[in-house]
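Structures incoming, each one as structure tokens.
Heads up, the next two complexes both have chain A, just with different partners, chain B and then chain C.
On to the complex of A and B.
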């Protein structure tokens, strides 16, 4: 009886493992395939039977990185994403702190309004914004894109940082008040560092959001302010002869910053969590 | 050092009044404990003293000047919280020095005071650690050091020992008592633990539902409780309460009887004011076993015997009413035994059944109002 149940449990575990492996394969295989293809020349790609053994080449990467449009796109992406994330944090974190600590009649409505910005379909915003920026003579500029992305980064930063600030024990801030610190220094010296870990997550999330943004950038830029996703998508329009190797290389390059961001964050999280757990044993 | 004066202080949240007309004068150097069940408003009053909670009405003076509108940092107070409230991202040394840095105390002065405080509390080995790397007792010691180093005029403690285990709690309690003996800083200490209150306090302020039930030295509160609530709250095991009828009144001698038996007293200490029903209060340790020879006594059948070490706690069934008595182990009864008890008159408490107020006569209660802790001050 007991062994019977044990084997049933074993089968269940096997099934769970298999499902997990399948899901992992489905997630990783396309990435690996893209990476492998980015190292192939066109002859190796354009075969009916995929080749696993080939002479790797960095030509595709060199081509992408030496192209004027790709480099311009990279600079634009870094400037626009960096500026909108930094401004989003600068404005959003104090706002989130206020929402977390000064609860009043409007707190809930304000918080919901912030979230509702994220509900809105980007197309619905993009067209009016296009008209506005054209009217202001700022269409296809980095400035207009930064301000537009600020809507994204600000709302996601506020939405994710408010609960992080709420988790800071109130007594710690009260202790600071008794030590003579006012609300501003309590925010800077206590709330920010104590909630730091979760806040880094909120900022990283808004970075990934802005970096990957495509639709709004497509509608608000034509040449000067084009971001990397737009440039990469244009590589497919080079004619009938699709440059698969170059396309794969640009996809890999495009994915690197968010991956690094998540990797750094993840490593940061695991070390601090592990340290916290070790401390907890004392 | 400073006195604290509370005049008609009240706290309202909307229409709900959680503290009403709170009046208290805490003398310089005094150690006052706010004691009461949870929700009695003791922490709220402490937080109003600290400036963490707005005072809805009334006047608060520290060292003679009104501080109602002052920020917590400007009141000359230091506070120790129940969950320590240490800054988790700072080292122990930074935690302790954080307040002095704000006050722009020179670095060498901070170092000197830090060495002094840490020597007193035995914190030298931990200065470079972070709070999460310390045990609960060590963390609370850091919190006390953080309060001490500011040399405040008033110490406020908000249930500082509640998160510690029983053994550590006893040790820290002794440490706090020693600290107060050495520093003599005016202290207000909130707890729900009567043992802490009895051992630490010069005076106890016993609170119930936002009102003061009684103010007095631990001995006064234990020996002359003003209300039935105070009598039941203070003392372990808790006081017995029995409903009795008045059969005869002085000068004939006071005769009381009920289901549990009868009592015959001189009654000189009580002013019954013509009441026909009273509630008798007697502590389990004050019940004296006696022979049941038909004279006035309390009778019951042993229901449960709990071994306490030196004593046994006996629970009796007196015709449906429970009665507890503490007996020496040598006199340990068996379950089912019939026992009789006499109550020495000096240990009898009588309460009004409706209001719960003590019926001790005016001469008795005259000793109660706000005595200053002269005996402790002289001793120092």
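On to the complex of A and C.
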């Protein structure tokens, strides 16, 4: 009887480990496989049996990076994402700091307003804004895209930076006040550096949101301001003689910047979830 | 002291003003356009009041899109939460600190990918002739299989990619939530000779119901943003079997007819429904968490 129960438990453990191994494989393998495919010639990709042995080539990357449309998309993505994230941090961090330090009904209402911006269906934002930007003669420009993305980056920065500022010990700020620091220098010289690492995570998160954004860019650009996701999706819609290698290469290039943020975001996740849950339990 | 009082408006003012303008102007404008008969490329527009909305109620394609969106929402939220809790508990039970760190990094990868990338990666993996994921089927039966060609399997395939992106990430959060729990209830249950799965099902997961509910709430909001996946993988097809509300609004406004007012009336309806639903849910969950 005892040995029977032991073996049932052993089987359960084996099943649990196998499930986790399968999940880890499912998480990584598609990305690795896409990378492998991006190094293949067309003849090595378009095969019924997936080919593991082949002569690698960088032709696909060279092709993508020398193409006018892809280079334009890359520049647009960098400019639009960079500007909207920087502006979002510049405006959002002080706001998050005030929300973390002052309490009252209005801070609660304001936080809900910031969250509720995330409820807005992107189509409902993009359609009227398209008409507005057309009317202002700013349609298909980087400026209009930066302003539109501010909605995204500003709200996410405020939402994620508020808990980070709340973790800054009040005692440090009170000591600074005794030393004659005003509210602005307390924010700049005390709160910002102390909360620095978590804030970097919040900003990295808003970068990923803006870099990955697709629907709004699709509706608000046609040629001049097209971002990289739009260019990549156009490549995937090509009909026959699909250049599979080039597609895989452009998907890898598009995915690289968010993946580079993984370290920062992982650290941010750990502190935010752990502290948030502890706060919720008390 | 005076400076201190002035500081709050200076800190909060600029971003609140920016957000208010950026959120309210499009909302009001969307409402305004939805009452007209505006079309792309035509300068004239007249007020038709609620004619667009009346037409929507009779539009079978719109009703289909509502059904697809509802199925999508339930399917992706439920599967994501189920897979996330299962994997989170398994990691917590089976892995030491180093293994947890490794798995965490691996599990975050899918959610960081742009939706366009995730959609392409899997569209190619499911390619009937060259896909790596469809290769076992080809090897066994000798025939190609096109999962995106039939209505039910197409919706399930796109939903699978969505769940792939989110459930692994949520599993990491579930793990980190489990790590914050105090050990005493676990020990008490073990003394009572509870089996491991019983401890998780009746002790650990109920203790985390608040955070898990918030996670489900986040996923509900994110599931509304299915457009990128569907646009790249199926374009709403085959037929209209994967056409969600945002996909239909987009094709009415941009691809097929340029009926921007009609598309806008759809967007307005979506906005009203989601705002009412999420505000109610949010308040309800806060009250529920306060009483329990």
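The criterion applied here is as follows: the second predicted complex is superposed on the first by the 245 of 282 C-alpha atoms of A that agree within 3 Å, B and C clash if a C-alpha of one lies under 4 Å from a C-alpha of the other, contacts with A are read in each partner's own complex, and residues count from 1 in each chain.
Rule of thumb we're sticking to: contacts are C-beta pairs under 8 Å (C-beta built on N, C-alpha and C of every residue); 3 or more make two chains touch, one makes a residue touch a chain.
As the structure is a prediction and not an experimental result, all values here were calculated from the model.
Contacts of A:169 after superposition: chain B is touched, whereas chain C is not reached. When the two complexes are overlaid on their common chain A, residue A:222 makes contact with neither chain B nor chain C. Contact with chain B, but none with chain C, is seen for A:179 once the two complexes are overlaid on the shared chain.
By the touch criterion defined above, A:103 reaches neither chain B nor chain C. Which of chain B and chain C touches more residues of chain A: that partner is C. Of the two partner chains placed around the shared chain by superposition, chain B is the only one that A:190 touches, whereas chain C remains out of contact. Chain A residues 182, 276, 280 lie at the interface with chain B in one structure and with chain C in the other.
Across the complex, chain A is touched by residues 3-4, 7-8, 10-12, 14-16, 18-19, 22-23, 25-27, 29-30, 32-33, 38, 86-87, 90-91, 93-95, 103-110, 112-117, 119-125, 129-130, 132, 135, 138-139, 164, 168, 171-173, 176-177, 179-180, 208, 210-211, 221, 224-225, 227-228, 231-232, 245-246, 249-250, 253-254, 260, 263-264, 266-268, 270-271, 274-275, 278-279, 282 of chain C. Those residues of chain A whose C-beta lies close enough to touch chain C in the complex are 13, 16-17, 19-20, 23-24, 26-28, 30-31, 33-34, 37, 45-50, 91-92, 94-95, 97-99, 102, 110, 112-125, 127-132, 147-148, 150-151, 154-155, 158, 182-184, 187, 208, 211-212, 214-215, 218-219, 229, 232-233, 236-237, 244, 247-248, 251, 254-255, 258-259, 261-262, 265-266, 269-270, 273-274, 276-278, 280-281. Touching chain B in their complex are the following residues of chain A: 169, 171-172, 174-182, 185, 190, 193-194, 196, 276, 279-280, 282.
On the chain B side of its complex with chain A, the touching residues are 50-52, 71-74, 77-79, 81-83, 85-89, 98-99, 102-103, 130, 132-135, 146, 150.
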